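You will see subunit A twice below: alongside subunit B first, and alongside subunit C after that.
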Partner chain A sequence: MLTYVVRRVLTTIPIFFAALFLVHVGVSSTTDPLANSRLCLPRCQAGYDMLVEKYELDKSIWQRPFTWFGHAVRGDFGFSEVLGAPVSKVLLERGGNTAILAVPAFLLSALLAVLLSVYSARKQYSRGDYVLTGFSFLGLAMPTFFFGLFLQVFFGVWFQHWTGLKPFYTSLKRDDSWLHLLQSATLPILTLTIVSVAADSRFGRASMLEVVNSDYIRTARAKGLSERTVIWKHALRNALIPLVTLWALGFAALLGGSVITETVFSWPGLGPAFIAALSKPDLDLVMGISIFAATVAIVFNLVADILYGVLDPRIRLD
Partner chain B sequence: MTELIEPVSGHGESRSFARLALARFTSHRLALLGAAGLILMVLAFFTGPALSSHDFDAVDIVNRLAGPSLSHPFGTDEIGRDLFVRTMLGGQYSIRVAVLVAFLATALGTVLGALAGFFGRATDVVVSQLINVLLIVPSFIVLAVFANRYGASPTGIAVVLATLLWTRIARIVRGVVMQYKEQEFVLAARAVGARPARIVARHILPNVLGSVLVEVTLLLGTAIVLESTLSFLGLGVRPPIPTLGNLIQQSKGAIDDAPLRVLLPGFFVVFFVLCVNFLGDGLRDALDPKSRRA
Partner chain C sequence: MKHRGRIARSAALVVAGAFVLASCGGSDDSADGGTTEGTAQVTDNETCGTGTLVWAHEQEPADLHLDDPENGLTITAWIRAGLLEGFYGVSSKTEFVPELLAKEGEMAENADGSVTVNYTLRDGLMWSDGTALTADEVKQTFDMIMAKGADDAYIYLLGDRTGLDTITDITVTSPTQMSVTWSKFFAGWKALFGEVYPMHVFSADPATAAAEVNEALRTWTHNGATLPSSGPLVFGEWNKGVSMTLTCNAGYHGSVSPDAVNRGVAQVDSVQINFVADTDAQINAVKSGEADMIMTQPQLAFEELSSNAEITVASSAGPVYEHWGLNLFNKHLKKPEIREALALAINKADVMAGLYTPLFGDILPATGLGNTYWMSNQGTYVDNQGDAGYGKGDVEAAKAKIESAGYVLGADGFYEHPADGKLTLRVGTTGGNKLRELQQQLLQAKFKEAGIEIVIDNPQGGAYWNEQPFNEDALKCAGSGGKEGNCEVWDIAQFAWVGGPWPGGMSSSYRTGAGSNIYGFANAEFDARSDECDATVDDAARAACYNELDLYVTTLTKDPQNGLFMIPLTQKPSFYAVSNTRLATFGVAPDANSAGPLANVVDFKKN
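This part shows the complex of A and B:
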């Protein structure tokens, strides 16, 4: 097990650096920090030289990432020009905000996905199953930003118009009140939850159906176990295995900052910071967020594979 | 392992796989619905602009922000351009982007997947690691970096999306090629002197046709959603060319007063993806080689 983890980590490192390298080269190739100063040459030669020095523009584009790597391994992730703060501070602060949405959304969607797939599989082809399948198709077809916009208009404008109440805010209210935080976070959490439940429950239903119709479940029923034990202990455990990977990757994506949902609801998380950094472009911040998102993705991939082994003793990791 | 011999279904007549598949497809009601919806939509998008007397970029300040009327079925935008024509044309561009993405991603994925699966060793390592890198880099970086630079035109966006979306098909093709390349019929073809390209194209790839076809339909949906999402973030196809995505983007500020202007193009995106997913579901059932159900 330990050797497996160590080997996995070691094999991931080159890919990790290759990915970061490409991000650095890609972002710097699309930008020209000198665009403005070039116009006023030779008057502002000093400023021009300073920028060349700062962004190492005299070096080849393929060499520039290494300087950044050199600082990064020593724990210096640079300074974000866009947000006017050190990248490590931005990551902590924004990452915290993102987690406020990501953690509840993940827990809620995992719980809902399990409940819905158990229901759909036990009552296959019932009216409820058809309704749920219909909704998950709709959820899959709906672009996230469109759903977010819809929720915003529905709760922000129409609902208030009809009832005079405004239960949820459509963007973050900055104060210390927990109630306000809850009111602000509900709609983005709802958006994230619905979108992932739609995908997970389709998958979970198929997986649960396959298990419920298998021989060992028939055996479990035949020997007189209660339906509750059969479904929740015997069937669910196997049906969850394929879902675990989906969850791990989904949670990693959520933690990395849901660019769209956070942008729609103007949530000060990693997503909007990332977009701001890309459009500026603020190379240090882009790299900082990339390194964070990539690490989270790798770690959760590994967690998924380890959980596989725990849930299914037939799978051996070595 | 012993093979179970399945009795031939029906009344002694055996039917070809293609006919079975067709029979299964036509009995899949949702898939037919999806196909019909898609055909209707394509017809509407491609004939719609010709049916209206308005031009997609004709400005009519007097009639700006008009609600739906006979002359302007979807109303007009803030400088009085007819939204019906713009939405239809936008749909046209969005579908073109999606089809191009599906084509490019399938071609790239099939070629790279087949190379990796057939030659194994170094080729496989390179392709697999390339896929891994694409999985690690947040897709938004790839999209944003390249969309910033090449994405202003529909073709540019399609190329950018295809460079991101080929990995699933590559993995499917790679798996199937690896699975089949040691089987007797492939060894037989090799024994009579067929070249690798011929073996892959004629003997192995027909086996992935089904699963790739399903993936292609799903790709069409993904491409349309991503196109509109990129537009929403301001990274998509730039005006004056309308797409469903940038139509939503342009009117989202006015969503409180004129929700219809946002909801209509959004509805077409959702409807398109729904149809494509239904179609994909039907194809998956119909092309399942293990199924003998008619």
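This part shows the complex of A and C:
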């Protein structure tokens, strides 16, 4: 196992750096930090020169990433001009805010996906299965912003209009109240959950159907095991393997910042920060968020690989 | 019914606004500006305290330093309008009005060609920290902006020095009186000293102070303390990416804006600006009561708010105005008859009706815009194109003009020239602007009736300007009188300008050989007259002079061969919506670079 982990990490490193290198070059070649300064020359000559020096604009775009890497390996990810703080601080604060949405949304969607998958597989072609399938397709077909705005209007505007009660906020209410935080986070968490569950439950259903129709499940039933034991102990464990891959990718993406959901709900997470950084451009912040997102993706893929072995003892990572 | 309701509301607001303005010149001090119901009296509120005004806005500044190249957002100027005052503010008519001044500056022309303006500050001006705001501080602000560093260069990032650099003397004669002398008249003099900085908290040495101010303006703090305010609000707290809080300045000396009803301190405890990037989320924030107001560019999505009984749409004339710029060296557009045909066939009322009138009523003239120097809400505005008979959709007159240039109507309904071919013109702009594209489609249909084919060509992303009007070959063509470069890179460019109380900068885009003169207009008489206009001391005469310059640009009156290379289209209204269930009164919000919704924040009162 340890050898496998070390081998995976080592093979990941060049991919990791290549990806970051390309991000740096790509952003550098498509943006112009001097755009605003050009308009006020010669008045802004000093500022213009300062930006040239800061972003090394007098060097080739192929050379510039190396300076950033040099600082990054020493723990200095630079300073975000957009958010006026060191990138490491931004990652910590914004990453924390994103996690407030991502962790509950992931847990909720994983739980629901498992329950719905089991139900649909056991009651294949039942009325309930058709209803759930319909909702899954709706969830897959509709864009994320639709659900976000719908929930915002339904619970934030209409519900209040009908009942006079205001259970949730449509954006983050910034104070020290945990209740207000919960009321602010609920709708974005629900949005992320709906979108994740729609995809996961389809994969879960297909996987579960394949497993419940396999020989070893038939054998388990023939042995006289209860249906509950057959499904929850023997079938689900194997059916979870493809879901684990999805969860690893999905959770990494959620932690990297949900651009649309966080924007719709004005949630100060990594998603809006990334958009702001790209549009400026704030190269240090773009690189910081990219390195964070890449690390999370790699770690969770590794965790998924390890979980395969736990779920199916036949899979040996060494 | 829906439209009638909107129009009625808009009309009510216009009447209310008119009452405000009327009250300024009157003696009974009665007004009804910015109130959601009833008639408000001019008041003198003495204490802050009816809660927090929440403003949802899509833009968040990078910092609060206006001259920082990393910044430059309108929102930065709007926030600062509530914090710092200057000699002149900007009214809802986009005109300069005295702010810190007790009366208009008095100008005298000197024998040597220089001019001197005597300023008198209002009595009792105070900073929020209790220090008196005096004429000395104005001079210190000037010295700081003009300070040079050790390398004998100006300190980086300290304001546009245009107009300040020709000041030869500033003499302070008393705490409230000072005189400023320019080596020659500067037409934009009222735009100077637009903000006076709290110099008493900075070092006495101008160069040291300049460095300190540069740093302090980013975060609005100096040595760990918030900068004192001369406006109705004091900077409070900034949660980047979430919100900014400005608190009521309890020591505020009061507003003298003609738009303001309250002459005392703000009536709210604080203003919280929530940064809500998504348009629909802004609407939901106002509808759900989580925001009290929004103010933004008009967008189709906002239409539903105007029919909401709990929301008042208080739109106003915005500073953004749209144009079509014509390439004078295009084979068709080089003929004045064709340019005039475009101006005749265009129906600006259709555009206004299609885009703005249903939502904004008669806040702007239904006939569209007819001037490139002045905006329709300014007292100095003259509808030059309208007066020339343009912009009214006169298709028959347009056809007659085209035929007089030798064109013949083809079987496909479009005119053709024996030598230059089919009368087809490309109109371009940066793609993705839905309102602008709708505008193009409305105009395209009208031109088709006149036998002119308009091809809409809007490249996505930011490529249009660099690749077409500002393409190196296109600029070479414009600068060489069509002798060099490539004159067929672009035909018609659609774009917007942001106007202000002083329009003198417009001339620089039209001068012979100017870098931003993409049209290829060259007229020595215009250049000379432009210099004369900028040197005209009298405000009314200068305004008239700019209107005369506009005749070169938008008509054939002054230059029958090369004139009429711009077609002003519409001025955009600003969308300003407030919750009338959560606010008892609200302020007039002039949409100008140095004004915005906080310019009259003293008039906001929560229920």
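Definition applied: the second predicted complex is superposed on the first by the 312 of 318 C-alpha atoms of A that agree within 3 Å, B and C clash if a C-alpha of one lies under 4 Å from a C-alpha of the other, contacts with A are read in each partner's own complex, and residues count from 1 in each chain.
Methods note: a residue touches a chain if its C-beta (ideal position, glycine included) is under 8 Å from a C-beta of that chain, and two chains touch if they have at least 3 such contacts.
As the structure is a prediction and not an experimental result, all values here were calculated from the model.
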- Following the overlay on subunit A, give me a clash-or-fit verdict for subunit B and subunit C. clash
- Message: Contacts for A:268 in the overlay, against subunit B (first) and subunit C (second): which applies, first, second, both or neither?
- Response: second
- Could you look at A:153 and tell me whether it touches subunit B, subunit C, both or neither (first, second, both, neither)? both
- Message: In the overlaid three-chain picture, which partner chain does A:238 touch, first (subunit B) or second (subunit C), both, or neither?
- Response: neither
- With the two complexes superposed on chain A, say which partner A:136 touches: subunit B (first), subunit C (second), both, or neither. neither
- Task: Scan A:259 for contacts with subunit B and subunit C and give back first, second, both or neither.
- Result: first
- Query: So, does A:286 touch the first partner subunit B, the second partner subunit C, both, or neither?
  - Reply: first
- Item | Which superposed partner A:109 touches (first subunit B, second subunit C, both, neither) | neither
- Have a look at where A:50 lands relative to subunit B and subunit C in the superposition and call it first, second, both or neither. second
- With the two structures fitted on A, what stretch of subunit B runs into subunit C, 57-65, 111-119 or 183-191? 57-65
- Message: Quick check on the output: what are the common subunit A residues between the subunit B footprint and the subunit C footprint?
- Response: 145, 149, 152-153, 156-157, 263
- Query: What does subunit C use to touch subunit A in their complex?
  - Reply: 60, 62-63, 68-70, 72, 153, 156-157, 160-161, 218-219, 239-243, 274-278, 280-281, 284-285, 287-290
- Query: Taking the complex as given, what residues does subunit A use to touch subunit C?
  - Reply: 36-37, 40, 43-44, 46-48, 50-51, 81-85, 94, 145, 149, 152-153, 156-157, 160, 166, 169-174, 263-266, 268, 272-273, 276, 280
- Task: Please give the residue numbers of subunit B that touch subunit A in the complex, ascending.
- Result: 129, 132-133, 135-138, 140-142, 144-146, 148-149, 221, 225, 228-229, 232-234, 248, 252, 255-256, 259, 262-263, 266, 269-271, 273-274, 277-278
- Note on the structure: Listed in rising order, subunit A residues that touch subunit B in their complex are 15-16, 18-19, 22-23, 26-27, 29-30, 137-138, 140-146, 149-150, 152-153, 156-157, 256, 259-260, 263, 274-275, 278-279, 286, 289-290, 293-294, 297-298
